[in-house]
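Think of it as A, B, C and D in the order they're written, each chain with its own count starting at 1.
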Amino acid sequence: MTSNAHLLAIDSISKAFGGVQAIDTVSFALSPESITGLIGPNGAGKTTLFNLVTGIFPPDSGDIRFRGESISGKAVHELVGMGLGRTFQNVELFSSMSVLENVLVGLHTRTSCGIIGSVFRTPRLVKEERRARERALELLDFVGLADLAHQRSSDLPFGWQRLLELARALASKPDLLLLDEPAAGLNMGETDTLGELIESIRKHGITVLLVEHDMALTMKTCDRIVVLDRGKKIAEGPPRTIQSDEAVMAAYLGKPK
Amino acid sequence: MIRTDKHLIACFVFAAAATATGLLVENAYYLQVMIFIGINTLLALSLNMLMGYAGQISLGHAAFYGIGAYTTAILSTTYNISPWLALPAAVFTAMAIAYFVGRPTLRLTGYYLAMGTLGFGIIVNIIFREWRSVTGGASGFVGIPPLEIGSFAFDTDRRYFFLVWGVVLFFFIICRRIIDSRVGRALRAIHDGEHAAAAVGVDTAKMKLKIFVLSAAMASLAGFLYAHQIFFISPGTFSFLASIRIVTMVVIGGMASIWGSLLGASLLTLLPEWLHAFADYEMMIYGLVLMLVMIFLPQGLTRGILDIYENSRKKNDK
Amino acid sequence: MQEFLQYFFSGLTNGAIYGIIALGFSMLYRSTDLINFSHGEFVMIGALSMVTLTMTLKIPVIWAFFIVVFGVGLLGMVFERLAIRTVKRPEPIVLIIITVGASIFLRGAGMLVWGKNAQSMPPFTPHPPLDIAGARLLVQSIWILVIAILIAACLHLFYRRTLTGKAMYACAINKQAAWLVGIPSKMMILLAFGLSTGMGAVAGAIIAPVTMPAYDMGAMLGLKGFCAAMLGGLGSLWGSLLGGFLLGVLEAMGVGFVSSGLKDATAFLLLLLVLYFRPQGIISAASVKRF
Amino acid sequence: MLPKSKMRVIALLTAIATALCLLFAAPVSAEQKKETIKIGGIFSVTGPASFLGDPEKKSMILAIDRINDAGGIDGHMLKAIIYDSEGDPTRAVRNVQRLITRDDVTAIIGPSLTPTSLAVIPVIERSSLPLISCAAGNKITDPIKPWVFKTAQSDIHAVASIYGHMRENGIQNVAIIAVSNAFGESGRDQLIEQAGAFGIDIVARESFGGADKDMTAQLTNIRSAEPDAIVCWGTNPGPAVVAKNAKQLGIDIPLYNSHGVASPRFIDLAGDAAEGILLPTGRLLVAGILPEDDPQKAVLSDYMEAYENRYRETASAFGGYAYDAINLLAEAIKGTGGDKAKIRDNLEKIQGHVGISGEFNFSETDHNGLAPGAFVMVRIKDGTWELVE
């Protein structure tokens, strides 16, 4: 298997905090246009892994390659430029800005206007701004929030805030979208809509890595599932295999001797 | 875009009002008070870009104000260079210093950023005071020449009034344009959440540095205008207390509000003139006003008054 | 060597003053997560009322000391109740401006009550200065040192051993969680203000004999105290005390070996370096926080 | 009913009284028609330099009331309009502008400090009206500006008095410790400039901040330079701290101070440590012990008595600056009817005016008008002042 075949390759990475080994030589890879789920009980190291991939902190050892290129030492915003988008577990919107503006910030890496440009407003930049607005409205339409474009983002109900965050992440035109527990705090109906959205995101050619608690959602939407427990990868495979995997059952239900 | 149009109309109305004031007011004292309001508005606006929009507090902003004033004073008086050449030098000096100081300082956040900028401001002030051979020391720098274009000198208060308010208006438009652009959105994103901003691809460190440098340039321009208006500068004008006063203007007027800067600057320039009648009680009343505004209208006067207006309208509708 | 020792003693006296003021900042920050920019003014009120009580009203020093500390602590509580708790949006920047406003207000009040002139009072104990290896140390400086360390120790015990202390710390970490386990967080904040301003008064009262207090003394002292707290690590008690000593000694060394005109510049340059390279302070207590 | 004759007497008396009243009232009302001359004042009434501004403001009011009580100047009443500069140059400029354009004053007294005075000079020169500054800085009247005068003794004379005393006592090596503000800076510059003329070597130069609480480090530096004497240049409370610290360190060489601490408060603050300190001062401080034939004695005791009766506090030399300024101005206004240019010309011609700070002799080349003799050297002994020969 060459790393080029994979969009993201995680190669035996480890991370320790103090004496706690949060991630212990974990490896797996994502093939393009797949939806992969990352699951595991509380404290399994899902969030740590997520933060390692998004460049919040570097691994102690091992390597993460995105399209064959190592991401170590790259700043968070550079990764976004390379095509890595993410959402947050607790929804971090820009609360003082409107819904539309939130998505426009998401387009930051896809636009180029600087301070001087904004002052002089050259025709090229005016055009760029107009296109950006059109694109932002399209994305809002995609997640179903187009009518609320000029609302303050903090006035939206929680479920819609999640959708807005998704639209914002999509605006940076990612090749890989990392979703950190997107179903947390959503009701059944909203979770279903989310599942459909993730499906259609994939149809746009975007690879998705989903860290999730909600088993139903994961099993339904994911092609492959990676299971972590106490920092170690204990299983990997298609949902059906995982469902019947003994090690996984043991990790979730307690280890039978 | 709609907002921008509205802003342009507001700017136009404002320009008309300023022109009318400039032409109609005869009394040199009132003109001068309004010149100082203009200079303070520019200062408040410069800090508002940094603090109100990008969310980065600075308790040392008077340093850049002073750097602008001292650079032009030294170049145009000691070295007899035309003030118009000293102007780019002053602005550039401030920008260069902001760049080198900003790089390490802007990594800090919260109270630490406040303390870092404060320390910088105090050090610059000590340099103004101690580098006597160049700055004139604590007694101040005398003999700064007036501004002239050919044979036209900005030597009357009326002319200077138009110069200052022209500059202010110019920056109102510039700042509004920046804020309504990609850069402005990125800044506000940093203000709302630095992590989230980075996670959508904003180079937060670079963006903060850029706005810090821009803000320093504006403050330095204000210093330039100040120096050529009163022809004398001394370190006290650019002290820690001056920095605090600028912060107060921004906060009282309203963070992240261009018109708030105007309101805050006007109020803090005029308040001492009104409070004069209270003599020994002046300081207490000044402190009390600050506290009351912040307790009851924590978003500043612009926002606070708007809220009160909207609430009363809602009540009437019911 | 004799010079060096003298600079050191000189720094020690100033350092203890800065340290004890820094303690007030740190203590409040630890308990409420906010910085009271009018802290210096409470020090001023402490110092000036100490002079009034002992010199004008002829109350014995020890009684005057306790009256001042309790009085100012009470004033601090009134301040919290009227100006801090009533705030609609308790964001740090709003609180900064409110406390800056309070400092101007209190300075104005101090000017009305005590006039504009500096005051003076004799030291607590009338000993001649001590001679240690040719360098002189004032007995009052030793008083300041001892009381500063004593207060830090008491606070340390208060946070570690008493229920109130632990509860207060819990409030700062998470107000809601503290409320859930039944800690009256409003009460705790009120108490923290009382304690912190009371400590400001202690600082004022013990430095009154060496500093010639006046209504405008608070601003600079507050600033240096804040600086010391930052150096040592905001929120850390021993760190603040150490930061104070460090600031004081470095200032004195700056005078001795650099230039007295650049004394303050030396201190603040050091502050910047610490902030750049070790922003959590020399002894860190809490991670660097955003607003 | 009263008898008719008595009625007549009463009527007559009433008539006489009315007539008398009219007779006396006539000239008074005619005089009141004369325009009031407004005089502006700018002092640092609050802020760090309030110890200057406060007595200056009070003295200005006192002087003007006394002139008005005596019938004004040529029948013109004077009116004081006083603003506070808080020691801030920007505010001083603004208030001067306000005095000139809104209050339409004829002349201005103040500001209290050198930076504020230097800041307002461009406005004064443009607006052409006389200004009498109360600040010490030499730069204010050197070079001469046509409209600017000052009443406070210059640092030049203070330094000359100190150095004169040193020369007589064989002191050669001197250390300077000065406050790091305009006052200290100006004094230090003069000390350095005049040292050569008096054959004095400056072996150490130190400074301290106005709010500093401990100066032992600076004094340790001075001690290692082994001077014969120390000159401390500052205003309260800094020099009192210096005096205390010097005593604490066991430094027993002569300590000189500037006229900036020439007030009883300095002795209160420095306590025992003040003993033996030498300083130059205007004669006000030692009015009580001046010889009877001193020309200033009468003026001084008159001012002190009036000030103390009115304000229930001790008069200071600082207030004297404003008091002198008003009296000089009053003298210059005589016969001008309030014409600014004429007042200026008259000011320049004033000779032999005995004031609080000394005898003023203005000329085209001297807008301060005081001679070195305006200062006397005093020593602090037993908590009071003692004249030094």
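Rule of thumb we're sticking to: contacts are C-beta pairs under 8 Å (C-beta built on N, C-alpha and C of every residue); 3 or more make two chains touch, one makes a residue touch a chain.
The shown structure was predicted, so the numbers you read here are calculated from the model rather than taken from an experiment.
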item	value
Closest chain to global C-alpha mean, per-chain Cα centroids	B
Pair of chains with maximal C-beta contact number	B-C
Taking each chain's C-alpha mean as its centre, the one farthest from chain C	A
Length of the line joining the C-alpha centres of chain C and chain D, rounded to whole Å	38
Where chain B and chain D are represented by their mean Cα positions, the distance between them in whole Å	38
Centroid spacing, where centroids are CA-atom means, of chain B and chain C in whole angstrom	32
In chain D, residues with contacts to at least two other chains	46, 180
Shared-contact residues (touching 2 or more other chains) in chain C	111, 219, 261, 264
Where chain A touches two or more other chains at once, by residue number	none
All touching chain pairs, where touch follows the definition stated at the start	A-B, B-C, B-D, C-D
Chain A - residues contacting chain B, complex	54, 75-78, 80-81, 85-86, 88, 92-97, 101, 104-109, 111-115, 117-119, 121, 129, 132, 168-169, 171-172
Residue ranges of chain B touching chain A (in the complex, touch as defined)	174, 177-178, 180-186, 188-189, 191-193, 195-204, 210, 214, 256
Chain C residues touching chain D - in the complex, by the definition given at the top	3, 6-7, 9-11, 13-14, 17, 111, 116-118, 120, 122, 129, 136, 138, 207, 210-212, 214, 216-217, 219-221, 251-253, 255-256, 260-261, 263-264
Residues of chain B touching chain D in the complex	27-30, 32-33, 36, 129-130, 132, 137-140, 142, 226, 230-234, 236-237, 272-273, 276, 279-280, 282-283
Footprint of chain B on chain D - complex, ascending	45-46, 83-84, 87-91, 93-94, 97-98, 100-102, 114-115, 118-119, 121-122, 137, 139, 180-182, 184-186
